[in-house]
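Below you will find the structure I want to go over with you.
Chain lettering (A, B, C, D and E) follows the sequence in which the chains are written, and residue indices restart at 1 in each chain.
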Amino acid sequence: MNILLMILSAIISLVTGMFFLGLARKIMAMIHWRYGPPIYQPLIDVIRYFHQRAVSHGFIFDLGIIISLIGSLLVVFFLPLGNISSFSNSGGLLVILYILILSPLGLALSSGESANPNASIGISRKLILTLSYEFVLIIILLSLMSQYQTISLQEIVMLQARKVWSFASWKLILPGIAYLLILPAMLGFRPFEIAGASQEISAGPSVEFGGKYLALNTINHGLLHFITIALFVNLFLGGGDLFGIFDSISGTFWGSFVSLIIFLIKMILIFVISVFINAVFPRLRLEQATKYILYYPLSIAIVGLIIVVAIN
Amino acid sequence: MDRNQIGKWLRSPQKMSNKYSLHAVYFCTGCGIIEIPPSITTRWDAERFGIIPAPNPRQANLFLITGYVSLKTLKAIIRTYEQMLEPKYTVGFGSCPINGGMYWDSYNTIKKLDKYIPIDGWIAGCMPRPEAIFVAVTHLWTLIEKDMATGYIKYRKNYKQYRANQEKIYGSLDWPPLYK
Amino acid sequence: MILFYMMIFAFVGAFLIYFAGKSFPRIKEILAVVISFLLFLFVALLYGKDFQINYHNFLGFHLFLRINMFSWLFALTITFLGFLSIIFSLSYMKDKKNNAFYYMNMLFVNIAMLGIVLAGDLISFFIFWEIMSWSTFLLISYKKGSALPASMKYIIMSIIGSLSMLIGILYLYDLTDTTIISQLSHIIRFINKGDVIFVVILFSIAFGIKNAVIPFHNWLPPAHSEAPSPFSAILSGILIKMGVYGFLLLFYVIIGLDIIFHLTGLTIVLNVLAAITIIFPTFLAILQNDAKRLLAWSTVAQAGYIFMGITYGTELSVAGGIFHFLNHAIFKALMFLAVGAIEYRTKGIRDLNSLGGFIKKMPFTFAAMLIGAMGLIGLPLTNGFVSKWLIYKTLILNGSPFLAFAALIGTWGTILYSYKLIHNIFLGQLPAKFENIQKAPFSMKMPMMILSTIIIFFGILPGIPLQFINKIIVSFGYHPLNVSLFGIVSDSGNLNIINILAATFVIGVLIVLFFRSGRKSVRVDQYDNYAAGSFIPKEKYSYTNSFYAPLDRFLNSFLKDYIDIFYCKSAALIRHFCNGIRKIYTGYVGSYVMYILLFLAVLIFVQLNWSVF
Amino acid sequence: MKKLKDKIEDLFDNVIINDFYQNRIFVKTNKESVVSLLNYLKELGYDHLALVSCVDHVEENEFELVYILSAYIHNEHENQEKTNIIIKTRISREKAKFTSIINLFENAEPYEREIFELFGVDFVGHPRLKPLFLEINYETPPFRKDFDTRKFVDDFFANIPIIEEIEDEK
Amino acid sequence: MRKLEMYFGPQHLGMVGNFSITLQVEGDRILEAEANPGYLHRGFEKLMEQRTWMQNFPLVCRINVVEPDHIELIYAMGVEKLAGIEVPERGKYIRSIYCELARVASHLFGLWAYANMLGFDTVANWAMYHRDLLLDLFEELTGARVYHIYIRPGGVRRDFPAGFEDKIVKTLHKIGSKVPDYNSTFFENKLFEKRAKGIGKISLQEAINMGAVGHAIKALGMKYDIRKIEPYAAYDQVDWNVPTRKDGDAFSRLLAIRDDMIESVHMIFKLIDKMPKKGDVYTKTPNPFKWRIPDGEAYVRCESSRGELGLYIVSDGGLNPYRVHFRTPSYSHGLTILEKALVGENIADVGNIMISFYVVAPEIDR
């Protein structure tokens, strides 16, 4: 059963990830007054990459990108998707936080081996940006974990379904806002599209990636979109719950199905909002982005955490 | 468009994906580049056909050589072309790369580009309108479909001749030969 | 008496090496390896024993050696790392002068540390502590030159610590009439709290200096970077953990759980110190450009994690702290050895800005460094993960989110500096002058291999070391953890490595298969690289210099080692002052020592007269 | 217009000034006084160096260097006219050499580099006289009148063979 | 210490035009920048010496791809000056309108480039679309989208078609109605301001010393505009201002460009109102194949959208020019000023600074 769930969640995340990539391009095209590519264009791209004869710079160049994808897929198993959760009960949010490191680290190793300074600059930017939003993310997760007194994501989702969504509960609204503010940074969207800025450093970390490396990188990109938003939906929007309307069929097959659909719809909503933000902002410089994150979202998150701790 | 036919995808995914995911190298080799921004933006929207500029040659498979090629540019073109991954397609844009165009008597521009790198197709005119790019792309699709866009294979096969021609211009090239 | 004979054997062996090195130069290396291996074997054979012996009486003090699970774990780590670093030294020290002296001191340090963990009373504890301090001093100053000021800094701090500890021991003796640890733990509950806090402060200065807790950390970075690399491994891996041992001994064995966590505000102060010790050194490490200095600052930060674990005082945190000590000893030793291998092959270059691309030349060292760094970051499936997980979990669930924040953000800083270390040494373009560099010799590879294996092994099967640690914390008076072979079970969130391992394995195999099904890739040279259409020049196309430039600028504006600056300033001030009063006080003893002595005297005076504590 | 013309004529010998068309002053001078003339004009307020050019008078075997100045701020009271001053001087064509004026006008630097490359005029005091535009070495600098581009094209580019397809042997 | 040498261009997504800048970088700071032009060098001025006076028109417009019209104008003006030809009144007006349209199109292209450089696709797409509307006008007028070859010595090639003035007004109104959108999403966007303020700053003294023209000097508060100083075509017939800014950084240059664009649009409206409704648009010139222009030399200048455009032209009385030399605004901007302005900047801003100086590579290389 567990293995079936794993396969299912892997497929859902991969498909949704690719869909998100296509959706982003389509929405951006619409905002540009264009018709835009078909929604499955990223898939075509990936197939094309896969059939190209890539260049490799060494063993770690291959291994790093594989590690990166493993890291991303692994996180998916720890995330409850609606009622589907493969092993959300082994280590909880702390493990998720740690496995989330794997993906950038693998990418960093791989592009570091490619010996291109553009890639190195991209990685350096990515790590610094990640550090700065991680300040906020950690505080947000800590306030949730302190509030619900558990480190298990599954339990947080369940408690929300029983009480009120975190985003709507007054104690956790500040962390929720902080999360929304750093969401574009986590997704790598403008104004925080700094690591892969193609006009500045030629796509940054993926500068030497071509062929199947780029294919894996693209898939990974989609997965990271999926993970970031799924985490938000799980933490703040109650996962697959919709005001308890479908409580009566929970536990059954249809209950799981409905919760999955609700979950995906919530994700798409959040994603579309992020794409809109992406469309109307230019790219910031790294220092400005870091400063912004460390001023506004961080202070909001700290106030949120203080409120949570003080009330408990 | 036959992009939507699943049967074709199953039969030859490589060909189909090569056709409908043409990422162009962004290299402003000559004045032809002025028509590239209109064709990738709102008015002509090349992204409909999966054509977008790629940030670097490793991720691209279409090389639009947009206009005259000076000697200095040719070096960069060869370098960029050799860094692209196979299969890769080149299209000469405008009359200048075909035969020198209006710079037929210039001391610093290449007259026939296909002496130095293989070209899969030409777009004549000075300068060709954005529509011409799309016509060229549909022709390129046909060529890919019929396995006739084989410039990169030709390059590999006749590499010695190409390299000799390139070295005739520069005396010697900085980088080692790509093939053997 | 076996413990006593073991110590005697070790001391004799150490002297033997020195004299053998004078007459038969070949034999000293073999002797050093054999002796250190025998020590390791002896200690390993002592597993499960629990006894103490009175080996000598001295001025009415009864001197004891003892062994139990607690000291066994530490002793095993010490002898094991000592053995490995001596093997590593074989090629590292080959062409150096006076290496018999080096091997002797190396053994001395090991024996002294062994003595510390085996000591059954505070007097022998102090004696071994002093032996350790002085032989460490000799080893740090081994390279001369810039190593001398570093070693001076170390020894001055050490003297302060030792004096403070001596006063503590005497004060305790005055109160309880005994120095034997097993007796002390019974008597101590009859002493009033003020005295206990005073003793804790005195001992904490000594142990804090060794453990490099802020504000006593300033000796560590220079000492670590100037010492010979195999000794840096020892220094960082275990020597500074003698402070940890001391803290554990003081808090959990001598004073005991019942008292220590009822002392007002003490744990809070210690925890805050630990949090500061995690954050500031982490970000200082990011600024470093010297490979060993970067690792040294990292050591300070990781010591902060351990300190946080053992002072937080729940069973999870203490277990996590002890486990992290073990892990840190392993991965930090590994990283120092890897840097040592690089230093050996490049003839002493460890400036991160002038290296690069070594993965092509020294792949094994790269793998070792990578595994070490993964352990340091604490990625799942390495040992560092489990110990950090334990600490975080208890911090979060026991309502200390701000401490948890410090610990978690420290991890992200760790990622930044470990990637910088790996990138600047191993990735990027290889400079032309290193084109003919050779792989690390076997005697360097072997210790690295063993240590890397242990990192992965403990990472996948954390149950094995946790069993031992469980016994230790039970002996401290805690409830045992619910440990399985692959993780920990508890009500508020489980840890199960086997799940992660299985999933990683399955996904890994699938992705590799998927990856291989794509078109085969072509291996290209490092010069066949995108450079906007140009052919890249050798030497110039590598981004190593100031890797985190924006962050560096940001941190540089306020992050300095203020405490070190303060110490140096005050030392200069005292020297100035002493120069002024030289007519009264002639002779040079070290202004620093004087200053601290006066301070301690004032403290004692205050305590004796008014009993403020 | 009169005033500026008179001023220059008063201060410098060897200058021939003719105002060819309206709003332009053409000053012919010998090569020694070019720098001092430029300096004088700059102090007078003609601080914008619009162009440095070179004309190859192949029959007279001389290069003519042309400096074109104008003023950013036009001030009638300080005798600045809305005009371009064109200073011309002749130098020998063999081993052509002239003084660099980078110290006076910074933007002369690429112009001088260009003239060095395309005409072969050496500028003394120029910090980086290296090729600006050209990738390969031409025997005669290409902008000289005796460089025949059509002949060069025939010799150089027409000689490069067309790629002959190698038939598959297998 | 290993110094990093980075290449910005020629094959780079952030490079507009075929140009290359070699950067010496430490961390993310630029220590030294060296412009590396020549990728587009075709030896124009040499080629022109081998063609007749009229044959050169197809050549000259290719010197600047983005706005070939001003180059045509300056060459025509040079020939007119040498040959002593006068332009009829209506021809002058048409030239002005046509050049101002080209200026607006060119500024929109610049807007595309700058927005694209910041990853600001939305504005980039809009700008390019609006430029295309203008290109449609050109196409109707001249038959070509990019290289129009419309201006000839003595006037323009042909008169406006019927109702063309209304079309111009209509199109400009259509673009003008989107100016508030541009303002709110781009020019008044806080993030854009953050990004552009303070980068690529040059002082007035430096700018004067290095020969800055166009909005590079207008952004420093100096009203240096050839249209005012030495009016040509019909610029002295209508009333208009030279918009200036004070700071001299990329932000004020961009705003100077926007103001210039708006001023141009207003000027076109005024010109259309004031234009004589009938009349010749060109003066007859001799048979181009036998046209010899008397011995002489001339320096003419006009204000292109990048700044002062000059032409030094020498005739020896033959069928061909003896020597032509274009003074292009990008030349000093791209080779002297850019090298200075980039020092000490962040590598993220290289493209932005380059575009804010409006460097167009073919103008430099010629």
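Here is the rule we go by: contacts are C-beta pairs under 8 Å (C-beta built on N, C-alpha and C of every residue); 3 or more make two chains touch, one makes a residue touch a chain.
These numbers were taken from a predicted model, which means no experiment stands behind them.
Engineer: Using the touch definition from the top, list the chains contacting both subunit C and subunit D.
Structural biologist: Both subunit C and subunit D are touched by B, E, going by the contact rule given at the top.
Engineer: Starting at subunit C, how many touch steps does it take at minimum to reach subunit E?
Structural biologist: Counted as steps through touching chains, the separation is 1.
Engineer: Could you tell me which chains are in contact with subunit A and with subunit C alike?
Structural biologist: B, E
Engineer: Tell me which chain's centre, taken as the mean of its C-alpha atoms, is farthest from subunit C.
Structural biologist: Looking at centroid distances, D is the chain farthest away.
Engineer: Of the chain pairs B-C and D-E, which one is connected by the greater count of C-beta contacts?
Structural biologist: Between D-E and B-C, contacts are more numerous in D-E.
Engineer: Determine the chain that sits nearest the middle of the structure, using the mean of its CA atoms as its centre.
Structural biologist: Closest to the centre of all protein C-alpha atoms: chain A.
Engineer: Please tell me the distance, in whole Å, between the geometric centres of subunit B and subunit E computed from their C-alpha atoms.
Structural biologist: 29
Engineer: Taking each chain's centre as its mean C-alpha position, how far apart are subunit A and subunit D in Å?
Structural biologist: One centre to the other, that is 60 Å.
Engineer: Distance from the CA centroid of subunit A to that of subunit B, rounded to the nearest Å?
Structural biologist: Chain centroid spacing, subunit A to subunit B, equals 37 Å.
Engineer: How many Å are there between the centre of subunit A and the centre of subunit E, using C-alpha atoms for each centre?
Structural biologist: Their C-alpha centroids are separated by 45 Å.
Engineer: Going by the contact rule already set, what residues in subunit C reach two or more other chains?
Structural biologist: As it turns out, subunit C has residues touching two or more other chains at 528, 530, 532-534, 541-544, 547, 549-550, 553.
Engineer: So which stretches of subunit A touch two or more other chains?
Structural biologist: Answer for subunit A, listing residues that touch two or more other chains: 32-34, 50-55, 117-118, 121, 198, 202-203, 207-208, 211, 286.
Engineer: Counting only residues that touch at least 2 other chains, which ones in subunit E make the list?
Structural biologist: In subunit E, 4, 6, 10-13, 15, 25, 28, 38, 41, 43, 46-47, 50, 125-126, 129, 365 touch at least two other chains.
Engineer: Report the complete set of touching chain pairs.
Structural biologist: A-B, A-C, A-E, B-C, B-D, B-E, C-E, D-E
Engineer: Touching subunit A in the complex: which residues of subunit B?
Structural biologist: Within the complex, subunit B touches subunit A at residues 3-4, 13-14, 16-18, 20-21, 23, 41-42, 45, 47-48, 50, 55-56, 58-59, 61, 85-87.
Engineer: Taking the touch rule as given, give the residues of subunit E at its contact with subunit D in the complex, in rising order.
Structural biologist: Contact set of subunit E toward subunit D: 37-38, 41, 43, 45-47, 50, 81, 208-211, 213, 217, 222, 224, 229-230, 296-299, 301, 308, 310, 312, 314, 322-323, 325, 327, 331-332, 335-337, 365.
Engineer: Quick one: in the complex, what on subunit C touches subunit B?
Structural biologist: 525, 527-528, 530, 532-535
Engineer: For a test of understanding, state which residues of subunit D touch subunit E in their complex under the given definition.
Structural biologist: 20-21, 23-24, 26, 47-51, 53, 55-56, 66, 68, 72-74, 82, 84, 86, 105-107, 109-111, 131-135, 142-143, 147, 149-150
Engineer: Report the residues of subunit C in contact with subunit A in the complex, numbered from low to high.
Structural biologist: So the residues of subunit C in touch with subunit A come to 357, 359-360, 363, 366, 370, 377-380, 385, 389, 392-393, 396-397, 399, 401-402, 404-405, 408-409, 412-413, 415-416, 419, 422-423, 426-430, 487, 492-496, 499-500, 503-504, 506-508, 511-512, 515, 518-524, 526, 528-530, 532, 541-544, 547-551, 553-554.
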